[in-house]
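Shared between the two complexes below is subunit A, which pairs with subunit B and subunit C, respectively.
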Partner chain A sequence: MDMINLKIDGLDVSVSKGTTILEAAKELKIDIPTLCYIKKLNEVGSCRVCVVEIEGKRGLQPACVTNVSEGMVVSTANKTVRETRKNILELILANHNRECLSCPRNLKCELQKLCNEAGVDNVYYEKKALRSPVSASLSIVRDPGKCVLCGRCISVCANVQNVGVIDFAYRGPQTAVTTPYEQNLSENSCINCGQCIEICPVGALQEKDDTDKVWSAIDNPGLHVVVQVAPAVRVALGEEFGMPVGSNVEGKMVSALKRLGFDKVFDTDFSADLTIMEEGTELLDRINNGGKLPLITSCSPGWIKFCEHNYQDFLDNLSSCKSPQQMFGAVAKSYYAKRADIDPAKIFVVSVMPCTAKKFEAVRDEMQVNGYREVDAVITTRELAKMIKLSGMDFTKLPDGTFDGILGESTGAAVIFGATGGVMEAALRTVADILTGKDLQDIDYKEVRGLEGTREATVEINGMEIKLAIVNGTGNAAKLLDKIRAGEANYHFIEVMACRGGCINGGGQPIILDKSKTEEVRQRRAEGLYGIDRSKEIRKSHQNPEIKELYADFFEKPGSHKVHEHLHTHYVKR
Partner chain B sequence: MEDIKILSARFGKIKPDSVEEYINAGGYEGLKKAVTMQQEEIIEEMKKSNLYGRGGAAYPTGIKWEQAYAVKKDPKYLVCNADEGEPGTFKDKRILAEDPLLLIEGMTIGAYIMGAKEGYIYIRGEYSAIQRIVKSAIENAKKAGYLGTNILGKGFDFDLHVVSGAGAYVCGENTALVESLEGKQGRPRQKPPYVKNCGLFQMPTILNNVETYSCIPCIVNVGGERYSSFGTEFSGGTKLLCLSGNVVNRGVYEIPYGLTIREIIYNLGGGVKDGKKLKFVHLGGSSGSCLPESLLDTRICYDDLKKNGLSLGSGAVLVVDDSNCVVDYLKAVMEFFEEESCGKCTPCREGNQRLLELLEKLSQGRGTLADIEKMKSIAQTMKMTSFCGLGQSAPTALVTLLKYFENEFIEHTAGKCANGKCSMNSKGVN
Partner chain C sequence: MGTSVCNCKSEKFKQLELIIAEHKDQPGSLIPVMHEAQELFGYLPLEVQTVIAEGLDVPLADVYGVATFYSKFTLQAKGQYQINVCLGTACYVKGAQLIIEKVADMLKIKVGETSQDGLFSLDATRCIGACGLAPVMTVNEKVYGQLTVDKVEKIMKEYLDTVGRDKNANA
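For the complex of A and B:
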């Protein structure tokens, strides 16, 4: 490979051709500050925070999009660069709503960090840009007054998710990131995935905060408030309290929830096992009885809305199973209500989800059981952390608690739902046992694991060859479905997760301040989930004793009429 | 002074879209000769002609075309920048409205050289009537066999399309223009890659100003050396200048390179209007430099201008008399840039509005010496770090006026506007 020799801040470095100055400086442990830049996703060079001086070049050059050349001499922090960078940050800050103390991103804000480091101690100017007011959908709040116009959200929405409901509009001081015709995000094909929130460097994009709803339910003595927690929450919540990425904080989380005042602390893992029972049965039924194939998973509400908008010819391919969140709600307000002898009207179901789209899913018309809304409030991992902090608990020192029965037992199969490939693997474990009639021991389907955007595998179970695909990120899903439409690919079973990496990287997860670590964080959160799976005694959904009890006591068997009434749904063209 | 009219020879004398009248007045001689020549030969003549890009950047056209010719990738596109958005510039309008076939001929020669099959003329939206003239000229040229298929029976094809701009100044910037042509927002692209390698639809693209293309037929016709001799040693040919402001005879003038700014204002322009005194000249449009009386003897030629820290830009010569106030004048300039910044990069989007804010403070009598220093600092940041030429050159007028008239700015901090143009309406109250 062609190597290029250059000098950065007086240090020699040799890098391969095509490397940017930013990357070359990293080799020397020189961190050039960046704002708009996200590697391979938003390499636009527009914020100009990363400008550096190159000997012999007029002006300063953006390190993020300028490639190295032989003999280049670069200064990344000389007087000119320092003063210029400070000027640029001051200009950005001048038009930024500087209510840092009351901003949900306080201390997790990239602009705040950059300005701090660059010594921006004063904002010289008086006028403020007039920007549109705050607008909120069921999932996402946009605050244009805080927007720094970096364009990252636009890139992730259009290029990773293939959604593209936001873009730059207008020019000069009116420049804004907005939607077509200034629609609210709830009026267009936004899928509520919240990836824009995760990538936003500041607080211009946030989840719709629903903690007030939860507090008032807890404070209402007439309500029996139960909470369910999705698998991916437990390996990320610790980050909000300074714990290492990927730590499993399930025990502390359960204790915290109990102290917050929930009457019962249940686990979405339980209903994930239930989902596998139903979805596994559905898959075998479709294969054996000539049903519509490929079967496509339906746990990810962002993906479902994407499909309803853009791939309506695949709606019949979607599994009719409700997602674990909704199955939980349906069971809580029927089976649990009956067993605990509580009027379902008095039960208030709260979900803690790594996901902003779950807020939308919970209010879909179809998501009701016996006339009751299945889930009454959805909060994200970040919102739960906020509630815990507000309650003054020292989270890291809490004792380990355990989930309550009869909706709290779960298996290793359920917990891996939180990572891309996990639903697939969980389903295979159950399907394989059903087809062979054995209790198989070799249940690690490593071929379906990983963080790549699209993966394919073929497994053979008892002579039956099952062709599988796993995609994460709706952009990858779109590509795969296009191939299927074109007749270039076909499968029996496809797992789709709306977010890259699956729920561990959902739009409700803790913000990763250093975006260059995003991949690593995904990896460690996923490892956290697989670690829990390994440590579980029971690792197959159909062996969950509470699930067995649920069928014996209430649903009879997977796919029964009662099951269909409670746990299955349909989709709409949008 | 030899009265040479290359670009303006037919202005007002022919029916602009008539191929017949164009030919009778000497048109299409360049193309007829070009198709008998080797492509490299024509480029060689262009290099000898010392033709520099007339849009404002003044890049040597011969070298640009040589580089574009060397790119081995098809199809290649020819694009003409007829967005003419620089304030005080109205020369391309004359060519488009009064001799569009000259431009078409120039582009057709370009197509012959590059092997391009399609070209686009991106005309500013405000010129809607002119767009119709150009379209009609294109149709007529096709009917007459000078455009379209099998041009002049030489077996090469070239078609031209007129595309209307939508009012953004930044679309005069090459890459933003290409984005706009592709139907996207007019925002500049990161360079490299340059449009000659990767332009319209990601293909090699030759992009020049109206006036630049219009020089090509003459260069081919009379030869590069002869063309060059019309100007100075380093600046070949003639240039259309747009004289405007406080001057007696405003208008478009074709001048050979080498005239001084004083000669242009006083000999061609008839001097400052209403017997007033000249304060400064804003050269090259709003993005250009302002020069005081003491520099009026600078010759219009790239080298001499550069030596004095000036550039010709698009060829706008705006005369400002001494009844004007520099702060008040600059406010108008910066209002323009504030509005026209595409909003992509921080220094341009934010810098222009902050410069305007500080100028407004000065004009209200609220400004301070620190504000002046801050303006200098932002201007420097904009110049050094803006994404494209718009932001880099937006503070030029401010920087040059501060250089030559700093005292007047300082007077404003003391609440004084000698020309009585600024309201100075109190300290802090509007």
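For the complex of A and C:
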């Protein structure tokens, strides 16, 4: 390989041809600050924060898009660079609505951190008139007044998710990241995944805050307020309180929820087990009775909306099972209401989700049981952290609590739903036991684990070959479905998660301030979930005693008429 | 995509499909297609942008972004009489601002708008290269030079009479 020798800040370094100055500097442990840059996703050199001086070159050059050349002499922090960088940041701030104290991104803002490090103490430029007003969909709030025009959200929306509902529009000082004709995101094919929120360096993109709804439900003595928590929340919530990434804070989280005043603290893992019972049965039914294949999972509401907009010929492939969030609500307002002898009209179901699309899912027309809305309010992991902080709890010191009964018991199969491949593995554990009629002990399906965007595997169970595919990120799902359409691939069962890495990296999860650590964070959150799975005594959904009880008392058996009324749904062309 | 149009009946949309088919597999086909679409329709309404986006398999947001970036593209239908008043340096110093204000006032529209009856649209342009005639205005292909507020009032009155519109009536 051609090696290039250069000098950065007086230090010699040798890197391969085609390396950028930014990457070469990293070899020397020199951290050139960046704002718009995301490796391999948004390498556009638009913000100019990473400018460096190159001997013999006029002006400063952006390190993120300038390749090294032989004999180059680079200064990354001399007086000119320092002053210019500070000036660039001041110019960005001049057009940025600086309400840091009340901004939800305060202390998790990349711009704030950069300004701090660059010593920006005063902004000399007059504040310009700001762009369009704040607009909110059911899931996502856009605040153009805080947008720094880095273009990261555009890249993730178009190139990772294949959605592309936002882009730059207008020109010059009017330039804005916007939707066509300033449509609200709820009026177009936005899938509410919130990956734009996760990648936004500032507070220009946020989830729609629903904590007020939850507080007023808790404060209403006439309501019986129950809460469910999705698997991925428990391995990420701790980050909001300075705990190591991937820490399992399930016990503390349960204690916190009880102290917040919820009447019952339940677990979405319970309904994840229920989903497996139904989806596993559906898979076997479709395979044995010539049903539509491949069967595609339906847990991820971002993926569902994506499919409804763009792959309508696959709607019959989607599992008719509601997602665990909705199954929980349906059971809470029917079976639980009956058992606890509470009027379902007085039950208020709150979900804590790693996901912004769940806010949209909860208000879909179909998601009602016996005329009651299944889920009344959805908050993200970040919103839960906010509620805990507001109530003044010392989260890290809380004792470990346990989930309440009848909708709180869960298995290892359920908790791994939060990572890509988890739903597949959970389904396989149950399907394998059904097909063999045994209680199989070898249940780690390592071939379906991992964080790659697309994975394929074939498993043989009792002589039956099941071809599987697992994709995460709707862009990867699109590629896979295109292959199936073209007849180049086929499977029995496909798991799709809208977000890269699955729910652990959902649009409602704690913001990763250092974006270069994203992969590592995903890995550690996933490890957290698989760790909980390993520690569980029961690791197969069909062995969950509360699930057995639920079928015995109420639903009879998977796929029964009553089950279809409560736990299954249909999809619409959008 | 959310918005779809039934274009089976519209001759223009059929032609648009042909334009798209012709350019579809060429790299960088978006701008040429948008140009031809604008020639065909006179402007680029949402329906047209949607068909282009679907046809070329690019996000609608990209089409809108390009349409709003280049000043030659317009999202608004132009009037039967397209009035352009030059605001280039020479015209401007010779009082073009007063000319354009007079026209806007008589037509009861703002600069950049089209009258509701679709007869007149008014735009400000950059230098059109006729500085010797400053201040200059064009109505479709016709050029009017050395304008004064009085002169432009006369010219516009003639147009309004031609189309049978009372200049004081609301557009």
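We take it that the second predicted complex is superposed on the first by the 573 of 574 C-alpha atoms of A that agree within 3 Å, B and C clash if a C-alpha of one lies under 4 Å from a C-alpha of the other, contacts with A are read in each partner's own complex, and residues count from 1 in each chain.
Note that a contact is a pair of C-beta atoms (placed from the backbone, for glycine too) under 8 Å apart; a residue touches a chain by one contact, two chains touch by 3 or more.
Remember, predicted model here, so these are calculated numbers, not experimental data.
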{"item": "First, second, both or neither for A:R534, with subunit B first and subunit C second", "value": "neither"}
{"item": "First, second, both or neither for A:H309, with subunit B first and subunit C second", "value": "second"}
{"item": "Contacts of A:R574 with subunit B and subunit C, given as first, second, both or neither", "value": "second"}
{"item": "Subunit B versus subunit C as contact partner of A:K338, first or second or both or neither", "value": "neither"}
{"item": "Residue contacts on subunit A - larger count, subunit B or subunit C", "value": "B"}
{"item": "Which of subunit B and subunit C A:S189 touches, first, second, both or neither", "value": "second"}
{"item": "First (subunit B), second (subunit C), both or neither touched by A:L91", "value": "first"}
{"item": "Contacts of A:P173 with subunit B and subunit C, given as first, second, both or neither", "value": "first"}
{"item": "Subunit B and subunit C contact sites that coincide on subunit A, given as residue numbers", "value": "167-168, 170-171"}
{"item": "Partner subunit A, residues of subunit B touching it in the complex", "value": "168, 170, 185, 187, 190, 338-347, 349-354, 357, 361, 374, 377-378, 380-381, 383-387, 392"}
{"item": "Sites on subunit C touched by subunit A in the complex", "value": "1-2, 46, 49, 58-65, 68-69"}
{"item": "In the complex, subunit A residues that touch subunit B", "value": "44-49, 51, 59-60, 62, 65, 80, 83-84, 87-88, 91-92, 94-95, 124-127, 129, 149, 167-168, 170-175"}
{"item": "Complex contacts: residues of subunit A adjacent to subunit C", "value": "154, 158, 163-171, 178-181, 187-189, 309, 574"}
